[in-house]
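Per-chain numbering from 1; labels A, B and C assigned in written order.
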Amino acid sequence: MNQISPVQADTAPKAPRPDLRRVDCDPDFWYPVAWSADLKKDKTLAVSYAGTPIVLVRPEEGSVFALYDRCPHRQVPLSKGTVNGQTVRCCYHGWAFGRSGRCIDVPYLGKGKLPNGVRTFPVREAGGLIFIFPGDPEKADTVPFPKLAQTDNPKYKTKHFSPRVNCHYTFMHENLMDMNHQFLHRRQMGQIKARFLGQDKGENFIEARYSFMRCAGQQPLAERLIFGKHKDLQGKEQPVEEVVTIRTEYPYQTLRITDKDGDLIMDLWTAYVPVDKEQRVTQSFGLLSILRPQTPLLIDLIWPALGWFTNRIFLEDKEIVELEQAAWNEVGHDRNVEIFPVVVGLRELLARCGIAHDDDTRPDTKPAAPATAPTTA
Amino acid sequence: MNQISPVQADTAPKAPRPDLRRVDCDPDFWYPVAWSADLKKDKTLAVSYAGTPIVLVRPEEGSVFALYDRCPHRQVPLSKGTVNGQTVRCCYHGWAFGRSGRCIDVPYLGKGKLPNGVRTFPVREAGGLIFIFPGDPEKADTVPFPKLAQTDNPKYKTKHFSPRVNCHYTFMHENLMDMNHQFLHRRQMGQIKARFLGQDKGENFIEARYSFMRCAGQQPLAERLIFGKHKDLQGKEQPVEEVVTIRTEYPYQTLRITDKDGDLIMDLWTAYVPVDKEQRVTQSFGLLSILRPQTPLLIDLIWPALGWFTNRIFLEDKEIVELEQAAWNEVGHDRNVEIFPVVVGLRELLARCGIAHDDDTRPDTKPAAPATAPTTA
Amino acid sequence: MNQISPVQADTAPKAPRPDLRRVDCDPDFWYPVAWSADLKKDKTLAVSYAGTPIVLVRPEEGSVFALYDRCPHRQVPLSKGTVNGQTVRCCYHGWAFGRSGRCIDVPYLGKGKLPNGVRTFPVREAGGLIFIFPGDPEKADTVPFPKLAQTDNPKYKTKHFSPRVNCHYTFMHENLMDMNHQFLHRRQMGQIKARFLGQDKGENFIEARYSFMRCAGQQPLAERLIFGKHKDLQGKEQPVEEVVTIRTEYPYQTLRITDKDGDLIMDLWTAYVPVDKEQRVTQSFGLLSILRPQTPLLIDLIWPALGWFTNRIFLEDKEIVELEQAAWNEVGHDRNVEIFPVVVGLRELLARCGIAHDDDTRPDTKPAAPATAPTTA
């Protein structure tokens, strides 16, 4: 039960179609692009979705709006401009645009029709995040908005994360889903061994459930403060009774931990938002909700340690997924040989729900010399 | 009169042919490449015109000469070499070349014919600048040499500018010609509104005339010292009686200010010289002549303030034209929607007088996702 | 005898086939990739041959082994992993590989066949260097292993050099072989003039012999300490009686100096190892053996001065060969016009023994504007 069968173990490396690193995110979803706190009243904020420049504008009164961040006149960023009432005015020649994207003033223009305006993006604000809908605006109202961890539940305290990682968003999904990578964090988390409990999947999701065994090493302080002290069984493997459920429900990912009573003690929600057109840079946004302990002050006491602990682990993950991207860049195609069925299923999900490129043979990504050779058994 | 009709306001964005940012400078003109003061006797100076490396050599006696800056032997820069009399000697194996470009010595070569020499460029020195003629040398004598502001007139004091800007030279012409961009300099120049007085054009030039109105804000000190204090009309718009004439006479540009008596009080001459082969980096050379005031010392007193003032304004222009180039790079073609007839005419002039590329579809500049959308009126 | 005939002096520059800078090193030789001292027991070291990532592993017991430095699972570098006995374990999910390249453990894998392993490289350690055989492993045993200067001779003391140079390896061979480039080192070595004594060549080697004349200037201290003080003949040219023999015996290069009695006083062995796939970055490894003087302590006294002196000279060579590579990059093909028969022969040797690319027309290396023009005689 705690080990998997090697379904693909004897498969020679080959480039699957489509190459998963050439599958773009489906834009017909709500994606976070900024923290609410980073956009002040009467100010603009320049953000990006997959190479599309977007200006967020928060007027003195009313909700945030989002425009294509290039003035149609000379293509300079509207985010460099000034906000007046419900309009943003380009810093260069002073053209002004409203929240509908319409051009409403060219200061030196006489009578006659005003120039064309700019594209707009549907905006929603929730859980401390500003979301835009980069795809077909007509779908914005019907596409489900995600549940954002426990940001609306006072029993939980929620931490914000937003690291930028130089890799394709799919590496992020695979990294978190495959808990066998605890070996990577052996210095931070002691020698934990993941125990795979089972999986579940559907049209737009896949989830894996794990428990953990501690093989050796000390339990780190931050971990103990969150989960409580494990019983010491004279050096034997001690089953940790929490269950970890990792779920990619396209395009988001969650990691939830329930204790032995089935209570949700940790709830992580993340989105991986492509920054550049090639989608090789990912802006992550994470909401990590922790159940407040009985002792009210304890959560505040452990909060800094929790931040330090999760950051240390995250830096290891960032390094490794960026090395995966670098290896992909070297040869220009995906060579992963996956043997873990959950990850195989996740990869199928991401390929199915995303938008595959057709240019599989860009000139800058020619295959390198043969990298692997069969070995004798 | 002070407002224009929206000739192109309802035109959808399209890529004109030729794309103005793929039009190279015509090399059959005299271009400045260095300040005279930066080339000492018996020294070399490495410069560049549109990716062509050029070494300037100033012998102890005689005029400056210019050679292709690669030794024909192993292509290392001759500018790294030594100057002896009328020759420059390559630093590597000591091959020597005269001002005619001819190879006149290979130290370790026996009898027999010397190797081929290097290409030369016609050189002229004037107004504190060293000019070369990068095109067909046979045309150098007949192509008119520009008038360099008031560098030869003792009634004026002349300032030197030579900023390098990361954009195509055509952005520089458009920036200066369109005085409606005073909005960009609102923090430096108060709220000045340009009043368009008229234009004039011909085969190889276009010029626009403006006066300025102050809408609000204080007149900056440096501006007041140059133009005198404007009459205060109790907060009303005060017509500034100077006339500003901006003229692109291919390939140079001038900005001249005359006072209410028609006297020339400021005369700016600029050249925008492409540095790299793609012509996306521009080395500007500017000569700014200011009429010396009646009080002889005044010009020296205001000189530092003038430098500070013009530099602040220039930095805003540099930022904005580099943003324009960056936006062009993103999509790989020109999307400007121009509504100001003078700039439309300027763009036609620059396209007509320059040399259009034929490779309009480089692989590194693929169009991005659609950027603008029609808006309801 | 001391001057050469201008065999190619009147040849117009043209791109020879194959372009020497598109000729890759032949991988069927032993190449050094690291110093032995840089790989500790139970540690890994990431190196590279022509863009192929290689991990060197030194177990606690037994010899160094070399694997392709990418885990076949997710392509992260095995060099980031841990060494246990005769295996290296990937840092990410803990897959383990033995010295045969075979995958010997996947911690979370149940019964069944283990995944494929990774490519291995034959390894040898000698003269303080770790060598790998990047080509066909079957040839490793029969291809001759080089003689490494005088590293095995106690009469000599050997210095290690390993500069990385941003140029194609062929520039390094040409630089050292053509002693007429002493002009480059005029500040370091006084005004030495090379006297060409003759050459010798065969299927896989070429060698040139020189003596040196001092035309003017003082003999540097370090040079005097190595070679002894030259007799002062009242300012006349003083024949230096040492003979310098430079030999490229593919793919290595040596420079040997014998004194007037024919004794070998200096023996330099170098290898130029391509780092990147394009082979435009070269990792040099040099062993410089100096005959210990009669006075035993003298060699230790001059050792620091010798290091300083050779380093100063090397920095000049590094700058010049990188300028050669930069000039090649500008135009995308080789324009060298060689007139020195030894270098012409060396270029033929390197083209003959290396592996020519077939992609002579990469899009990123389009020819620039014409660079040279015939000059009148």
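The rule is short, and it goes like this: contacts are C-beta pairs under 8 Å (C-beta built on N, C-alpha and C of every residue); 3 or more make two chains touch, one makes a residue touch a chain.
Here the structure is a predicted model, which is why all the values come from computation and not from measurement.
Participant: Does the chain-touch network form a line, ring, star, complete graph or other?
Facilitator: Topology of touching chains reads as complete, every chain touching all others.
Participant: Give me the C-alpha superposition rotation for chain A onto chain C, in degrees, nearest 5.
Facilitator: 120
Participant: Chain B to chain C: how many Å between their CA centres?
Facilitator: 46
Participant: What is the distance in Å between the mean C-alpha positions of chain A and chain B?
Facilitator: Chain centroid spacing, chain A to chain B, equals 46 Å.
Participant: Can you list the chain C residues in contact with two or more other chains?
Facilitator: 363
Participant: In the complex formed with chain A, which residues of chain B make contact?
Facilitator: So the residues of chain B in touch with chain A come to 2-6, 9-10, 12-13, 178, 180-181, 183-184, 193-194, 196, 320, 323-324, 327-328, 330, 335-340, 363, 368-377.
Participant: Which residues of chain C touch chain A in their complex?
Facilitator: Residues 50-53, 68, 70, 72-77, 80, 89, 91-94, 100-103, 106-120, 277, 363.
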